[in-house]
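The structure under discussion appears below in the form of structure tokens.
For reference, chains read A, B and C in written order, and residue numbers begin at 1 within each chain.
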Amino acid sequence: MTTFSQVLSEVAMLLSGPDPDLIEIVGLSLRVSVTATVLACLIGLPLGALLAIRPFPGRGLCTLLINTLMGMPPVVLGLMVYLLLSRSGPMGFLQLLYTPTAMIIAQFALVLPIVAALTRQQVEDSWKDYCDPMHSLCVPTTSAVQTLLWDNRLSLLTAALAGFSRAISEVGAVIIVGGNIDHLTRVMTTAIVLETSKGDLPLALALGVVLMTIALIINALVFSSKGKLA
Amino acid sequence: MIKNILLSLSVLLSPCLTHADNLADDKTVLLQSTTSTANSGLYDYLLPVFESQTGIQVNVVAVGTGQAIKNATNCDADVLLIHARESELEFVSQGYGIERHDLMYNDFIIVGPQSDPANIANLNTISDALTAIADTQSIFISRGDDSGTHKKEVSLWNNADTDPTIHSGKWYRETGSGMGATLNLAVGMNAYTLTDRATWLSFKNRGSHRIVIEGDESLFNQYGIILVNPAKCPRSNVESGQAFVNWMISETGQSLIEQYKLNAQQLFYPNASQ
Amino acid sequence: MLPLQIRQLAVCIDNKALLHNIDLTLADKGVSILMGHNGAGKSLLLRCMHGLIEPAAGSLQWAGIHATDINSRHRQAMVFQKPLMLNRSVAGNILYVLKLRNKPKDRLQQHLQTAELESQSRQSARSLSGGEQQRLAIARALACEPEVLFLDEPTANLDPEATQKIESQIHHATGKSIKVIMVTHDVAQARRIADDVVFIHKGAITEHTKAKTFFTTPESKQAHDYLAAYVKPV
């Protein structure tokens, strides 16, 4: 039976010497999930804000759709991206399947609805107070979006973190479109799945501890930067 | 139009790519493989040698045999390495593969709890063992995922004239998962399961499980290697793929397979016809 | 941009006529005060004048330009009952408007000075006291350099000292010949600063008179009762 002392000694092993394989895996995890989250924020933040402040026909339906997409199972999304990027798929010519780029695309699609939906809710709530003053000042929509995003920056940072957490912790999508190829597309979560399938449960759990430690560090960095943003 | 947008998007994304990311590179082979060969560490042993001799990098996607065939049918492979002879021949006859080569073999085994509740450890044939499991309604975990191991298991039940699937959910439990996950479950449930020997020998969470049945002729496990047909898959990297297949069935490749040992035990026995 | 001419104005919300048969002309500079009971329609009329609400009937024109026309709205500014503090520094709030209206940044200091907020310029606007927030809101509105300034109960819930500071800001504005149109419940304040008073009762104007006349001999019975209630000895 796997004991916690076994796990702890594995963690100590992993963290004691700078194992180049582990560093590579952690690096790729961060690279893929951070890039996906940044891209998702670039589109999701203004999209969510627009949904909140700009009435148009079908807005309710859009909101419903985005809120529902938050619950998209990563495996399903992974399959959809796989079919798209497969050499026999409509975008096979891009030769992107089993690359980090494919993983970024899949995680981008997972994170986008989360960022957009949380942004929409947050901006809609504060729009109640901003609506009249913004109209009074004749602020154009694009500037209003910028103003609301900036003024809600602390809440939206949390939305971005929620998106990042989804990306860094999911395995279903990246294992399908990345293929868990050693030294190419292996990330923390797919490595955990692999070690579990090899029956090396202490190592799998130790990798999980490392993943959570990295998540903790990133959250702490963001948390400490909140003071400067306020 | 859409192509242009996507191309510009990929240019946008390209700063986050390195040259190593590009699978279209002539010097890479995309190998769809069964999990046992990957999990046992065989590729970690073979591929660096191949790479240093040819400069070709092999990217291994390890999935169940059924999934590997599906992916290769979608052209997402240059080479296929699996263990389900009939499916392999069908893959070739449908034109997806150029030629199938025998590569190596080992055998399947049945592992079960130390206590051996169905009392099969001293039975001679696999059919008797499966019948005994069914009669005593001892828990048996099946892959149930269309993998090579699952296909073998189905044929073994057929030989024993037993249809366990009518007991599915009772003593016969299908995981729909890979070999590793299935073994984890079997250990957790004190159950029997069929596994290939390589996966078992490299598996670390064995608990008190042990091999209860081995050595029956019908437990033979043949691995095959197939080059994906460029006529069906124009984007496949046929040159490097061919080089890899040739190397695997060459004397160099075969003797390396012979030499690979885990805990002083040989896992695969080369048998390519030259 | 004066005069403001309102003819037979009606405003309906949810099929209810909240303002009706409004006829009003504001031609003179100075401070015009809208008075009346809660729910009489004062704030609504203020919003109409600023062009934020499209009337159901009638017309509302600033020197012949329709009130909702962007050209007339650009020359006005409004401070709402609950002033919005942008989530940035005091200076940031004023700079926001200076940038929006393409005004030189160096006018910031002068606006801070008038609002007596120089020492708090780098503080977060949302950490200011109620009176300071109101002063910042007015300073921000003045940074638009408007010709007309709308104020909706700017001194509600403020202590006498804070009220006095707001009134000096208003005085400063009228000194720059900005027309001020303001809603207030504070009769004493209205007496101090009003040049003319518009009294609204249940969605209609009952009178529009010079301040002096209004506070001594109001024409309408409703205004008379309103003032009587206010000065009744305790």
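Definition applied: a contact is a pair of C-beta atoms (placed from the backbone, for glycine too) under 8 Å apart; a residue touches a chain by one contact, two chains touch by 3 or more.
Please read all numbers here as calculations on a predicted model, not as lab measurements.
S.K.: Going by CA means, which chain is nearest the middle of everything shown?
M.R.: That would be A.
S.K.: Determine which two chains are connected by the greatest number of contacting C-beta pairs.
M.R.: A-B
S.K.: Give, as an integer number of Å, the spacing between the C-alpha centres of subunit C and subunit A.
M.R.: Centre-to-centre distance between subunit A and subunit C: 47 Å.
S.K.: I'd like to verify one number: the distance from the centre of subunit B to the centre of subunit C, where each centre is the average of its C-alpha atoms, in whole angstrom.
M.R.: 79
S.K.: What whole-Å value do you get for the distance between subunit A and subunit B if each is reduced to the mean of its CA atoms?
M.R.: The mean C-alpha positions of subunit A and subunit B differ by 32 Å.
S.K.: Using the touch rule from the top, collect the residues of subunit A that touch subunit B in their complex.
M.R.: Touching subunit B: residues 1-2, 31, 35, 86-89, 91-101, 104, 179-182, 184, 194, 196-201 of subunit A.
S.K.: Could you please specify the touching residues of subunit A with respect to subunit C in the complex?
M.R.: 129-130, 132-133, 135-139, 143, 147, 150-153, 230
S.K.: Can you list the residues on subunit B that touch subunit A in the complex?
M.R.: 3, 6-7, 10, 13, 16-17, 20-24, 30, 35, 39, 44, 59-62, 71, 74-76, 178-181, 183-184, 202-207, 233, 235-236
S.K.: If we count contacts the way the header does, which residues on subunit C are in touch with subunit A in the complex?
M.R.: By the definition above, subunit C touches subunit A via 47, 50, 52, 70, 73-74, 77-78, 80, 82, 84, 86-88, 96-97, 100, 124, 144.
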